[in-house]
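There are structures below to look over.
In what follows, chain A forms one complex with chain B and a second complex with chain C.
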Partner chain A sequence: MMKTRILFGLQLVFTLLVAAFLIVPALLSMVAGVTVNYFRGIRSGVTLDWIGQVWTLYADTIGRSFEVALATLLVTLLIGIPAAYALHRRGGRFSRVVEEIITLPIAIPGLATALALILTYGGFGDFRRSWLFILAGHVIFTLPFMVRAVMAVFATIDVKTLDESAASLGASPWRRFRDVIVPNAKPGVLAGALMVVTLSLGEFNLTWMLHTPLTKTLPVGLADSYASMRLEIASAYTLIFFVMIIPLLVAMQMIGDSTRLMTGRKS
Partner chain B sequence: MSGATFLRLSLVPLAVIVLAFFVLPMSQLIIAGANGPLGLKAYAAILLEPRYRETLVNTVLLSLAVTLATLVISTIAGLFVQRNRFPGRAVLIAMLTFPLAFPGVVVGFMIILLAGRQGLIGEVTQNLAGGKVVFAYSIGGLFLGYLYFSIPRVILTVMAAVEKLDPRLEEAARSLGAGPWAVQRDVILPALTPAFIASSAISFATAMGAFGTAFTLATNIDVLAMLIYTEFTLGANIAMAAALSVGLGVVAWAILALARSFAGAAVAAAG
Partner chain C sequence: MTEVQGVSVHLQACAKTFPDGTRALEAVSLDVARGETMVFLGPSGCGKTTTLRIIAGLERPDAGGRVLFDGEDVTHLPIERRKVGMVFQSYALFPNMSVAENIGYSLKIRGIDRAERAARVAELMALTGIGGLENRSIDQLSGGQRQRVALARAVAMRPRVLLLDEPLTALDASLRERLRAELNRLLRSLGITAVYVTHDQAEAMALGDRIVVMRSGAIAQIGTPREIYFEPANRFVAEFVGAANILEAEAGEGFLALRGGRLPIGGSAKAVKGNVVAMVRPEAVTFVAPEGALLTGRVETVSFIGDRLRCTVVGVSERPLSIDAPNTISVSPGDQVGLSIDPDAVRLFPKESA
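Take a look at the complex of A and B:
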């Protein structure tokens, strides 16, 4: 009994230390973002000046990141849901190969994907200079998450029977897709959408290579502020990023729990 | 329109986008790697040229160290939070998984706040020992950064695997007289092996290719991602940058694919 107590205590302390390693710097940055002078500490006073300065310096990057994320979401929805349906219905080797190919951009470092895009489309000046170039990169990177999330839902419900009974009642393929498949795919679509938006908002590896001075996104601006601004401004900027990303994380966790309840995953 | 036609049409948008913005560019990249002054030998130069080989070895060693450390830390913490019920457990899990959505750049900044010039570690060591310890801008900082990046992912994988363990196996082992260590060593850890393989692949592949953290900490850290970046931007050595990217891409993909064939679908899902 005594021995298990000690073991429990040791593990608890260890886990708390790990949590501290992860959380303390995030807290430090949140505090630094609203501290008058980080070097002198919080005693120097609390201020929103740094947030204001970030806004004047980087507001465009924040707006652009939302634009890119929403556009990425739209494209991945339009491409991803029909593709997930077709891949699930067809199955077999063909589907596995397609799935493998579209998943490659997760495995391959973003730097490589970005270089490839630049080599191929760098000569198309207007496209290269516009935010659509970044959109292309983000779509390629996030698409597998959407497709997989939707396919995961199809795997838990009997899509084939649903689809075939709708067909036997005379519904056209398009109506079946719209009225039977999409509504049933909803939990996966939602999970995929949250993932796509979160990843797009935070994407740096591709975006750093694909951006131009006129198409900076939030993470690109962050890197810029880490390199050239005082710690307080960099922290305030990071704080804004946290505020944007935390609701998405919480939502993801909530659906994670609810889909688990729904599908009754064995534990 | 028949059902089969509809299914085929459903794949067209995906095919167009993936071919135009991934398959075609990737083939261009592979060709570009062989189109420099070195020709196809550019690919061999990754291993033969001492400067590139050294960076490759550095990156592999760093990634191995990160993988090992992440595995040990996350297994202890993941097993603990999944196996015990205590007040504040949900908060602790939230804290352990909170950094999941941090991009590499932000992770780099976290390390600067810990071990940078104005960092916490520096301040504490200054007050305690009189000497300021600053290591964020070196390979040590990068190690810490990749650790920060990998721990939440691996903890989640371990927790999911522990949840699926059959408690009856442990009971059986215990009723047969196995002590707590023997149960850990002979029942729990072997059952977690697939999760370990999956987790190792994830941390190793991300550490090999991660760019944002290294970029934030310092541009002169000698790892593969930074080498590619400097070859491309500063050296304008596009062929070598392409060859190195292809090499890196193949390695990262192969490791994840290998792990997946051992451990099932878990790897790619968390990728």
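Take a look at the complex of A and C:
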């Protein structure tokens, strides 16, 4: 009895320490973003000036990041759901090989992927210079997350029989996909979508290699500001990034919970 | 009974070999008449579901096989264009739709307008006894309710043939019995052509106008429930459908020579001579006084199972003989008994049809 309580206490302290270790730097950084002079500390006063400056300097990167993230989402939805369905239906070794191949970009460094893209498509000047080049990189990087999330849901429901029963009721392959397959894959699609958006917003490696001065995204701009601006501006930038990304992370967690509940009830 | 709906179904030399080489079905030919309920009965893995899926259009028969609906060749029509209704063992209801949306889905696909759809759905829900559940979601339904939704959904667009794959297997015994009766009433009142797959012989007997008994991918016998029960074509059918005593004996002069005496055989079987395999149902055997009886033996076990006594008697044939006796008589293990068997109830098979 006593022993379990001590054990619990120790675990709690350990957890809090780890959490503090991870959270304190983030908090400090955010606080720095609203401090008048970081070296004099918070006593120097609180200000939104830095945030204002970030906005005037980097608003375009923020906008572009959202543009890229939404476009990435759209493309991964359009490719990822049908791909996941096809891989699930086909099954067997071929599907596993394909799945491994599309998962590869997660494992290999973003720089390598970017280099490969530049080597292959660098010659297409207009494409190279446009934000679509970054979009291509992001799609390659995030697609496996969408495909896997959707496939995970397919594995828990009997999609083959659902598809057959819709067919017996007269539905064409397209209607079956639209009316039955996609709606029942919704938890996976949602989880995958949030994952894709979050990853795309925060992606740095690939993007840094792929960007041009005119196609900076938020994380690239962030690196820029760390290198060349006052610490307070870089920190304010971080603050903006946090404010954008935290709601997405929370939503992701909530969806994760609700799908776990759903599948838990089924099994 | 209402007017007969649906088509006749003709399978012509439909064999099925799966891509992995499994030979699920030998070339099978059979006819299902308009409005008839045909039951496929057989042990697990004998090809019932495969045959049903060939009729549905979910599997293609091997080259040479043909499926005809009212004479029209539908072999190459995909299921969505065959206009069949199907009830799956797992029901396969759409979790993303309400009960009413599930039932009305086939009507929606066919572009039937909302008002007409609602009316038809209401009619079907009343017919299947699930009125009031239209807005429920699927996971709020009991097993029996799901079964009814699946059935209502399958018949909503008045299919040419209704296909049911073990629709009651997922339910517990008492519910199964009740739904079986309900299903029977529904099939008769719809007058629809139906093909019903089961491995439960009681279900097959109760529902089938005719029964196809299958064994390892081939048809063992097709007949009415009475024919299948009283005149099984071979030993497999006799043993699979109902309980059967199999007697291996010498036949001659209108008798079977058994260890426990002589068993008269009737009808055309009289002419048979030599080694035969005979079948007698347990309820065709009656106890008589041992004195002067043609067959005698000793009671080995007696179990009271409510509506009757199930006894075994040794010394009559090689194996103990099972007998179903009225629950009013009194016999006990060890009793010497005489047995009488109606000659017409003895069925002979050629020996090789093991």
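Basically, the second predicted complex is superposed on the first by the 253 of 267 C-alpha atoms of A that agree within 3 Å, B and C clash if a C-alpha of one lies under 4 Å from a C-alpha of the other, contacts with A are read in each partner's own complex, and residues count from 1 in each chain.
As a convention for this text, a contact is a pair of C-beta atoms (placed from the backbone, for glycine too) under 8 Å apart; a residue touches a chain by one contact, two chains touch by 3 or more.
Keep in mind it's a predicted model, so treat the numbers as computed, not measured.
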- Query: Is the arrangement of chain B and chain C around the shared chain A a clash or a fit after superposition?
  - Reply: fit
- Using the superposition on chain A described above, determine whether A:Phe66 touches chain B (first), chain C (second), both, or neither. neither
- Query: To the nearest 10 degrees, what angle do the lines from the C-alpha centre of chain A to those of chain B and chain C enclose?
  - Reply: 100
- Message: Taking the superposition on A as described, I'd like to know which of chain B and chain C A:Pro183 touches: first, second, both or neither.
- Response: second
- Task: Return first, second, both or neither, reflecting whether A:Ser172 touches chain B, chain C, both chains, or no partner chain.
- Result: both
- Query: In the superposed arrangement, does A:Trp55 touch chain B (first), chain C (second), both or neither?
  - Reply: neither
- Dominant toucher of chain A (residue count), chain B or chain C: B
- Using the touch definition from the top, say if A:Ile106 reaches chain B (first), chain C (second), both or neither. first
- Task: In the overlay, answer first, second, both or neither for which of chain B and chain C A:Asp158 touches.
- Result: second
- In whole Å, how close do chain B and chain C get at the C-alpha level once superposed? 7
- Those residues of chain A which chain B touches in one complex and chain C touches in the other: 167, 172
- Note on the structure: The chain C residues in contact with chain A across the complex are 56, 58, 78-81, 83-86, 88, 90, 92-96, 105-106, 109-110, 139, 153-154, 156-157, 163
- Note on the structure: chain A residues touching chain B in their complex are 3-4, 7-8, 11-12, 14-16, 18-19, 21-26, 28-29, 32, 38-39, 75, 78-80, 82-83, 85-87, 89-90, 98, 101-113, 115-117, 119-121, 136-137, 139-140, 143, 147-148, 167, 172-174, 177, 198, 202-205, 208, 219, 222-223, 226-227, 231, 234-235, 238, 241, 245, 248-249, 253, 266-267
- Item | chain B to chain A touching residues, read off their complex | 1-3, 5-11, 13-14, 17-18, 21-26, 28-29, 32, 73, 76-77, 79-81, 84, 86, 92, 94-96, 98-106, 108-114, 118, 120, 148, 151-152, 163-164, 180, 205, 208-212, 215-216, 225, 228-229, 232, 238, 241-242, 245-246, 248-249, 252-253, 256-257, 268-269, 271
- Message: Can you tell me which positions in chain A touch chain C when the two form their complex?
- Response: 157-158, 161-162, 164-172, 175, 179-180, 183-184, 186, 265
